[in-house]
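These notes concern the structure reproduced below.
Read from first to last, the chains carry the letters A, B, C and D; within each, the first residue is number 1.
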Amino acid sequence: MSLMQVLMIIIPSTLLWAAPLVFTALGGVFSERSGVVNIGLEGLMWVGAFTSIVFNLTFVHTFGDATPWVSLFVAMIAGAIFSILHAVASITFRADHTVSGVAINLLASGLTLFLVKFIYNKGETDIIQKGFNKIDIPVLKDIPFFGKVFFQNTYWVSYLAIIVAIIAWYIIYKTPFGLRLRSVGEHPMAADTMGINVTKMRYLGVIISGALGGIGGGVYAEAISSNFSHATISGQGFMALAAMIFGKWHPLGAMGAALFFGFAQSISIIGSSLPFLKTIPSVYLLVAPYVLTILALTGFIGRAEAPKADGVHYIKGSR
Amino acid sequence: ACGKATDNTKNNTTGGNKGNTFSVGMVTDVGGIDDKSFNQSAWKGLQEFGKDNNMQKGKGGYDYLQSQSDADYATNLNTLSRQGFSLVYGIGFMMQNDVDKIAKQQPKSHFAIIDAEVKEPNVASVLFKENEGSFLAGIAAGMTTKSNKIGFIGGMESAVIERFEAGFVAGVKAANPNATVDIQYAASFTDAAKGQAIASRMYSSGDDVIFAAAGATGNGLFKEARDRKSKNPDQAIWAIGVDSDQSPEGVVTAGGKQTNVVITSSMKRVDNAVKDLSTKAKNGNFPGGKTTTYGLAEDGVGLAPINPDITNKADIEKAVSDWSGKIKSGSLKVPATRAELKTFSAK
Amino acid sequence: MEYVIEMLNIRKEFGGFVANDNITLQVKKGEIHALLGENGAGKSTLMNVLFGLYQPEQGEIRVKGKSVKISNPNIANELGIGMVHQHFMLVDKFTVTENIILGKEITSGGRINLKKAEKEVREISERYGLAVDPQAKISEISVGMQQRVEILKTLYRGAEILIFDEPSAVLTPQEIIELMQIMKTLIKEGKSIILITHKLKEIMEVADRCTVIRKGKGIGTVNISETNPNELANLMVGREVVFKTEKIAANPKQDVLDVKDLVVKDARGVTVVDGLDLSVRAGEIVGIAGVDGNGQSELIEAITGLRKAESGSIKVNGKELLGFSPRKITESGVGHIPQDRHKHGLVLNYPIAENMVLQTYYKKPFSKSGILNFKEIYSKAKKLITEFDVRTPSEYTLARALSGGNQQKAIIGREVDRNPDLLIAAQPTRGLDVGAIEFIHKRLIEQRDHGKAVLLVSFELDEVMNVSDRIAVIYEGKIVAVVNPRETTEQELGLLMAGSNRKEAGEGTHV
Amino acid sequence: MSKRFRNILTPLIALLLGIIVGTIIMVATGYNAADAFGALWGGAFGSSYYFGEVIRQVTPYILAGLAVAFAFRVGLFNIGVEGQFIVGWLASVWVGLAFHLPKIIHLPLAILASIVAGALWAYIPGLLKARFRVHEVIVTIMMNYIALHFSNYIIQHVITNGKERTPNIPDSASLASPWLQSLTQFSRLHWGIVLAVICCFIMWFLLEKTTRGFELRAVGYNQDAAHYAGMSVNKNIILSMVISGAFAGLAGAMEGLGTFGYIAMKSSFTGVGFNGIAVALLGANSAIGVFFAAILFGALEVGALNMPLQAGVPNELVDIIIALIVFFVASSYIIRWFLERISKKEAK
């Protein structure tokens, strides 16, 4: 295989693999930047995957080719609504954020599978007929070399993920909203004395994370698994969590980390067909993405610091 | 509630088929009864058996229990047998050990195990010659490919999947000696993303027919095939399904018209086996202690209808039926392992 | 007379505990009004009520004669009330400008216009003489500058009435002088100021009037021109307070601590202790005077093993300790009252008793073959609590629940009780009221009189001059002079600390 | 209402609220809630068989819960219990199969192997955290996948010759007990529960009564203060991960030497490690809390298996109820707040 061929396989598959993780990890960034730890990302993906598939199956005749996009939007709304539970528990009821996140994960998987049984009277849904399809990006696809590698045989959602990451970066670092969001995650009391409504900002952070987590799940379901079952979301939320930390709670960092995971996965998949890697036991290729991540963390990335008030309740008047 | 439940079990621990009502239950693994694979197929067989015999779903009729983890197999098997089901199936080789233990503990109850062997007088073992079905799939693949490059995606490496692999490769070689088979395992039965990535790699490197024997990981293959087809309707790329007829997963609108990327599926007729075995048990011919192997001849494996979009559909059907004849008659022995494949020559 | 602020009969409870009991505070326009009271008297609470952080159970607030209800800081801001909090309310990771504009951002097209904001910050800072670097990160600037940022925050919001809650507790003498200057400038600009401080000298210097509260109750308001520090202190504590710590002359013996040519780098890798020599003898207190940031913290961290030194020698009782672990150093007879009691001094979630054995838990009688002996731990704690007058409901109470002064007393009790040959006290009285300060000074001197070596680091020149037997002036990581406190003046010390050499500074005798 | 009474009442109310909301969901979706709960109860405590199965299920949950809780107490979030559990399981079976020894040596050796394996697996994230300040959450997540793939590989290519599962371990390495089984109508109850209870005690004793525990907790609360007090923060971080991993590894032995007696390749995670997080948090990271939370968890899960057959209710419903209980326990602040208001009114 020529290098070009290898890249043409690896890059689109990296982009696809990373897309759901990017969205979800960005969700994590919003939540944790506001000071609410969110290990419920996995659960939010469950909800997003479930709603997008159910909506897609139900309304495919109404919306035609727009179905996957409308479904994704619905998944976003569902994720946002579901995340309110986490917000209420961890902000208003002062639940330990991690406990509440664990509850979110349990509840999401239980509830969605229960609903699948309730709606379809079986354990998993049918395959959707209209999911996200492979595309060539118009114009860009004709750029020599890069066009072929980056903009052919890929998915709109992959690029959407990257664009959303950039927007998230802009929002978090360039707008008053972002400044306030970060201040609430770093020093809620300071924010409070500046007249910022800490509770409101934190609710928003969590709800945005729910929306993005919902999108992440929806993207996975509609671009990859094509149906919803107990196995659809299995650990992607935790990988997104890892990507968020890996990316140091920075939107672009999280995106980079998700792309890194995707890249490592793709390498390990193509590895078995590269001549010099053919002879080694396949297990080494299987674990390679995870080992690479640990090495990257140890070697180059090093210490990552969470927002100072991440996971800390803000109780007015306490010190 | 406590007392009542205890009574229930006390009455029923003797189990077995003493009354004249025959009832049958099965325990699935985590996949559940619509895993598009052998659980689904088994449940289909049980339902048909129930319908044929005017049975009701539920206790005293036919029913299933789904396991949430490996640890639940034993509990579920026990529950069904304690609830008085005359025959209890364990679906999948993972339940071998539990069926074995429970059969020993409850010698009067009848059990059956799919895809594994348990040597107990009250257990019927059911095996399949997956290699025979996938041999035919290999024939179809070998006759469809234009690039002479074919892909095989395995789930996790196991004896069952190895039978699929060996049979498939043998079929390809038999139909098209110039074709090569590119084999890759995903190390998972549940990872659609990985399935898709592998399929993408295979199609990109020129494979035009891919067979996935990988459970839900295979979903990724169909997704990739549909995507490529809808993007580029002229491209001749194909997929082959496994266990049940997976043609619904290949439906795609390409270039404005609906088409299907699934050539055929290598079917494992667990439903037939379950029906067959249940009927035997009901009629008092429970093959306890015996292993029944269902192959092509017994309708235990087979090939789903060939996709009408294939231009040489008729040729393929003819070839398939010729080869099936040879297999059924016993004149051709399809390799079941890689070792056997090495010495195999299809003449 | 026009009052800008009137707080009338304010009552504030915390779950049954009355923090403010019918307090009245009236502030005239254009005055600096001091608020004085012991630790825990209720000063911060009262100000938090005014700033809208707490809601009073009872009472009325009037701003410029109009009755108002301040239900959150936004309303306070709108009413022109700004507050500089006792514990700074700054986001470390943000820049100066970002901290100032937070909540009232300058935008263009939805985006924060940092350029414009920085310009505005620069303008205000020049107008009031509050020098800051608008682009610097908070974590990288000095405490003094952080405070200026806090003041700028209120000015940026157009505050007319400024509340300063213990602004000088964390400042160096130089910075305090600047702060006093700033306050005077602000008054000239037509602002009114409420000043909380434990330092009577500051009140005497800048305030016009002073309201005293004791245990949540208002004691009264006095005109500064008609009072003196003694009266204020007596009003506040309700008894006579002695200021000048009484002590007999020191009787120093052999060197206990002997630091030679020490080099230490700070967290960013800058050499901040640079070839420092220092010795402390048994039976004397050596005070280190210096402007914050001249290597004091790093010096202490190096001696106590909390930070690695680059080179040099640290001997205690003749034994080389450089590069040793904190445990080994503790065991070699070093006690340490750390500068930051919450960060280093205590495990806030441990009961007081367990904090009392933080370094000795593994030793007999507190444990035996790895098993803790709680009976011994708690009886020890009980003893120390009585002996050092730690006001706590019980020895089971979490350290978190104690007031700062009492936390400090607990730490001192623990360190003194270990009977170290060398006791290092870093800022031991920071933020404490005069009563508590008096107590702690007595304890330090008592140690000296028992023949221990005491090393005191403090930014309070008063404290250093009162308590020490010798004063070592630190400047840019070196000891630039050692003077006798009885033969020097604050002026001379100030100059030495600012880097001028002894000759220029004056005549103080060499010790 | 006394404070202690309120402390006991709070989790009970959370439990009750979970059940109430679960009931509402069932009624809303047209299931018979009474039947469902009857089936749940029957499936957990309806016969000695089910009771035995509950205890069997509880055993690894206790240990996985202890593993998570222990690390939490030292300020570390060990999401890697799943991976440590898998390597512990593998190691116990491996040693069980590799040697022929008298039971008195063989069984302890196999148990020890699981403990060592789990501890080593957790040592890596502990070491990286201590030495390089690498966030333990990512490393443990990655280590889970590595454990999964390596154990599959070893099962298939090292212990067996291409098989999906190992043979059964000999009796000499087994925790299974014919006596316990006969007491419980052939449930898979095994001696592991004794070990789990001992481990609860060990965790409590170690943390609360020993100097080591004093250090570990101090590091968990305030690393700077611990450093100041002469404790080695890094050593304690590593140690806490190692002990946490040891518990997790032992949980693996419960499956390897007790419930299953073999190890099979896994297509995905077992979920025991992740449930351990919920158990630990539900149990407020204390040994006794973990014990009771594991019992609740195990009983609900085993009981739930009975629901589809007896009551026609999908057993996912139990996951919902468990999640709700976790929610309400987590939100007990609000319950407490209510209780306090009630008791205040009473006082008036």
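Quick note on the criterion: a residue touches a chain if its C-beta (ideal position, glycine included) is under 8 Å from a C-beta of that chain, and two chains touch if they have at least 3 such contacts.
Predicted, not measured: the structure shown is a model, and the values here were computed from it.
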> What are the two chains with the top count of C-beta contact pairs?
Replying inline: A-D
>> Rounded to a whole Å, what is the gap between the Cα centroids of subunit C and subunit D?
In response: 47
> How many angstrom between the C-alpha centroids of subunit C and subunit B?
Replying inline: 75
> Where the centres are mean C-alpha positions, what is the separation of subunit B from subunit D, in Å?
Replying inline: 35
> If you average the CA atoms of subunit A and of subunit D, how many Å lie between those two points?
Replying inline: 28
>> Quick check: what residues of subunit B touch more than one other chain, meaning two or more?
In response: 66, 187, 190-191
> Do you know which subunit C residues sit against two or more other chains?
Replying inline: none
> Out of subunit D, which residues touch more than one other chain, so two or more?
Replying inline: 149, 152, 268
>> Show me, using the given definition of touch, all chain pairs that touch one another.
In response: A-B, A-C, A-D, B-D, C-D
> Where on subunit D does subunit B make contact in their complex?
Replying inline: 38, 41-43, 45-47, 49-50, 53, 56-57, 149, 152, 156, 162-165, 168, 185-186, 188, 255, 259-262, 264-265, 267-268, 270-272, 301-302, 304-306, 308-309, 312, 315
> Can you name the residues of subunit A that touch subunit D in the complex?
Replying inline: 85, 89-90, 92-96, 98-100, 102-107, 109-111, 113-114, 117-118, 231, 234-235, 238-239, 241-242, 245-246, 281-283, 286-287, 289-291, 293-294, 297-298, 301-304
>> Please output the residues of subunit D touching subunit A within their complex, sorted ascending.
In response: 25, 29, 77, 79, 124, 128, 132-135, 137-139, 141-143, 145-146, 149-150, 152-153, 157, 268-269, 274, 277-278, 281-282, 314, 316-320, 322-324, 326-327, 329-334
> Once bound in the complex, which stretches of subunit C touch subunit A?
Replying inline: 14, 48, 51, 53-54, 72-74, 77, 83, 85, 87, 89-94, 98-99, 101-105, 107, 110-112, 153
>> So in the complex, the part of subunit B that touches subunit A is made up of which residues?
In response: 30-36, 66, 182, 184-185, 187, 190-194, 196-198, 200-201, 204-205, 216, 219-220, 222-223, 226-228, 230-231, 248-249, 251, 253
